[in-house]
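The structures considered in this document are given below.
In what follows, chain A forms one complex with chain B and a second complex with chain C.
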Partner chain A sequence: MTALSLSLVVPWAAGLVLALLDGRRRLVGWVAVCVLGANLGALVVLAAAVLPDDPVVVTTGNWPAGVGITLRADALGVLFALLSSLALLSATVFEVLEGVRERTFPGLVVLLAAGLTGVFVTGDLFNFYVFFELAMTAGYVLATYGGGRRELGAALVFTTVNLLGTFIFLLSVAGVYHVTGTLEMSGIAARMDEVDANAAVLLAAGFFVAFSVKLGLFPFHFWLPTVYTGARPAVAAILSGGLANIGAYGLLRFGGELLPGELDLAAGALIVIGSASILYGGVLAVSRRTASEMLAYSAIGQVGYVLVAIGVGGPVGFAAAILYTVVNALNKTLLFLTAQMRGALAGATFALGALSVAGVPPAAGFVGKLELFRATAGSPALVALFVLGSALSFVYAFQTYQYDFWRGERRGRRSSAPSRASSPRSRSSSSRWACGRSRCSR
Partner chain B sequence: MSVILEVVCPRLLGPAAMVAAAIIVKGYSDVGDGFSAGVVVALAVALRYVTLGAERAERSLPVLRHAPVLAVAGLLLVLAIGFFPVAFGEPPLTHFPRAGEPVVEIGALELTTAVALDVGIFLLVAGALVETIHQIARLVEERRA
Partner chain C sequence: MSLLFALAAAVLFGTGAYLLLDRDLVRVVFGVVLVSQAAVLTLVASGLTRGAAPIYPLSRGPVSDPLSQAMALTAIVIGLAVTALLLVLVLRVVQAYRSEELAEVAVREAEREARLERLHEREHAEEEAAAR
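After this line comes the complex of A and B, so read on.
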């Protein structure tokens, strides 16, 4: 219980204090890193308590169940909290080493960590929304980080679309309370069977749309490329490696635990949407010339695998979805951070991430892909789709690697828009591949 | 701007603070809490900004410039009150003294940790709203200039 409370209150309180300080000072940045480290440490202790035994459940204020707010840390929640915390920590270390540009950055990242931890360890639907909103609000402000025109444009798109997603989520939460009379997740799961089937399907669709917007799945992806290419590398890593985990967690928690009947009903649709996402993301990522654009479309494709695995369902499908989400979040954090760096070590790290995205054996991505193949072993069409998707990932990841790290045509960091607009033109003239595509990449 | 408005509005802050204090206190037996008390005070402050203008309002009441600090201090107080029971092995948001135990009294006022929690919420809400008003006032004056 202490570890659970500490993992929440430490980043929350420290984030508030850090928000008042000038984050551009190196010391403040390192304090933020220490706080995120402490959060990660508390989560590790919590995981050590949760994984072998039962979930840790705390009802605030010793109120009877149903009255007090329930905090509930189980294996799934703790895993996602650990993952997000790790992504945030890496991105913050990166940015502090680079030199923080705005005074609010360290405080916001730490508050985001508090929100994410809260989302993953709450057992109460409304509380989920509150922490969700805390994390998202920090995310909206973080998306403006850098303060340039491009960043502000990206932040506007990100905020508008995600506010709509959150609104749909809140409507669904209200709907759930209306039909079940409780906001406690275990209570909802127990009472959902007696709910009118039409209402349940409507609620499930609402949650699905809300979390798909967050994940950037195919029909809801339109905001994602603008935001991930417009934001600074550290922020893109935080958004895709940390914040996007809410989407995958939500689909697993709400689909698998609260609305399992509706998930079965929609399994076919999920597999179709997931497949479309894989193909769309893969094909567009191949056609992109800059690393950040490639990664943005790759993100759309990669979450497609997660959705297909959830659609397949059952213990094997859910395990594959969880494993793939973990691997994907780690890949994205690594790639977004290294894509703008140059040098042999950065190149090797990027190659490792690229191997992982493609699912080639020495990298972690292989394990994720292996589980996916195991989950879909019964369906030749899905196996073929995964092979095609992996081949596309291999092409786009190493194409970017080749351009950025081998040929050395793009040296240094492109920090401002004008230099970015002029450099691809000179590049494309020298490359056989880019002739036909240079037009569509801009 | 009428003279009455200019004379009355700045003097409304005192009664508003009094009403806010009453709302916090009666929250334990009646309708009321720190949130609505914060909104009441912020409304009185907003009226001051409207009548005096941002510059004069903040010069006459320098604490307004420190609204963000007040908001953060309030939230820190809430977190401290909410989570300190964890140190004693109790779940978060447990309040002391518990039901049936003797309470510290000041006149008719009974002090529990829940009151401190509401004071924290009051500071957070009032601070955040005043800061919002300050930013809006700044935008308006920039546009006018």
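After this line comes the complex of A and C, so read on.
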């Protein structure tokens, strides 16, 4: 109970203070890392309490149940909160080691952690929207991080499209309140059966569109490549490893718990959209040369697996979807952070992430893929699709690995070019970036 | 009354969506504002009861639903904040690209992409040659 409050209040209060300080100073950066670590620690304690027993429920302000706003941490929410917190922590450590460039960065990441934790542990529909918007707003500002033209253009696209998504979500929230008369998630789940079927389908469609935009599923993906390639590596890792989890969580929570009838109804459509996403993401990722573009399209493909698993449904399908989301978020954080680095260690880490994306046994991705195959064992078409998708991901991940990491070494051996970018020991992405730009302008 | 609310929200959302498709960045911001107002209006309309203002001491007659009004108020505040953020973002984009037109921003981006693509082609060709 204390852990739940702490995991929310600590980053919130610290974020406000950090936002006022100059984040370019190393000390402030490390304070932000400590706060994120404290958030992660509180969530681990909370998870230890939640996983063996029942969910932890807190009604804020000691109001009687049903009147006050509830915070409700169950296994699904805590798992996603842990995952996002871990992604934010690693990206922040990376960026602080690199050297933070803008004063607002540490404060914004900590506020984003507060928003994400809130989204995953709230038991109230409208509070979900408020925390959602808190996290997204921090994300919008983070997307401009770096302040160059590309970052600004990407941030503008990101903000506009995702704002539209959040307002569609808000429309559905209003609808749910009107037809069920409550905002508490458990109450909504209980009352949804009596709601008129047409209204329920309309609300479910609104939620689906809102979360698909967030995830970047196939027909709603158009903003994603611009943003993930335009943003700096740490920000791309934060957006894909932390913020995108809201989409998967929302689909699982709203589809699996609040609107299970509508999810069954739409199962076929979800599987078709998910398959389209897998193929589109995979084929386009193969055709890309730069690592960040490959990762952006790969992100579109990878969430397709999650959607197919949700469409298959049932305990096995949901378990596969959750497991795959966890693995995917970890992969994306790892790959976005290492893609711009050079050197043997970074190369090995990238290769590990690439193996995980492809689902090859020693890496974590194998477990995710195995669960997916188990969930879809009954349908040969889906199994064939997964095999094709995995083959594509193997090709694109190692194509990029070969092109980026081996090329650096080959160049290094020739060592005729004195350019800093081609030096295999140049571990810092900033030097590579600066060099890439100067070469462009030549 | 519900029909009136529905029509007003639909018109707001439609106009907002149309403006969002515009190339002028300031119009895009107006589009987002209108869409947010459509959501706020829907929140107000989603109230379960209608009547007098829900302020203590309560009058005898029916009282309107305070929860949906509280939600609308929160949504208005959040909407204002994100609109301010979006305007600043547009301002910075305009300063960076010296253009208010989305099309020009897109053209510059496309030029940049083409340049990068050529660069990669050349690097690749060089490497092939070096490998041979």
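Note that the second predicted complex is superposed on the first by the 408 of 442 C-alpha atoms of A that agree within 3 Å, B and C clash if a C-alpha of one lies under 4 Å from a C-alpha of the other, contacts with A are read in each partner's own complex, and residues count from 1 in each chain.
In the analysis below, contacts are C-beta pairs under 8 Å (C-beta built on N, C-alpha and C of every residue); 3 or more make two chains touch, one makes a residue touch a chain.
On a predicted model such as this, the values are computed, not experimentally measured, just so you know.
Applying the stated contact rule after C-alpha superposition, one finds that A:17 touches chain B and leaves chain C untouched.
In the superposition on chain A, contact is made by A:61 with chain B only, not with chain C. Comparing chain C and chain B on the residues of chain A they touch gives the larger count to C. In the superposition on chain A, A:178 makes contact with chain C only, while chain B stays out of contact range. Contacts of A:5 after superposition on the shared chain: chain B is touched, whereas chain C is not. Interface of chain A with chain B (complex): residues 1-2, 5-6, 8-9, 12-13, 16-17, 19-20, 58-62, 68-69, 71.
Chain contact summary for the complex, chain C toward chain A: residues 20, 25, 28, 32, 35-36, 38-39, 42-43, 45-48, 67-68, 71, 74-75, 78, 81-82, 85-86, 89-90, 92-93, 96-97, 105, 108-109, 112, 115-117, 119-120, 123-124, 127, 130-131.
Residues 126, 129-130, 133, 137, 140-141, 144, 148-150, 152-153, 155-156, 159-160, 163-164, 167, 170-171, 173-175, 177-178, 181, 183, 289-290, 407, 410-411, 414, 439-440 of chain A touch chain C in their complex.
Contact residues of chain B toward chain A in the complex are 68-69, 72, 75-76, 79-80, 82-83, 86, 89-95.
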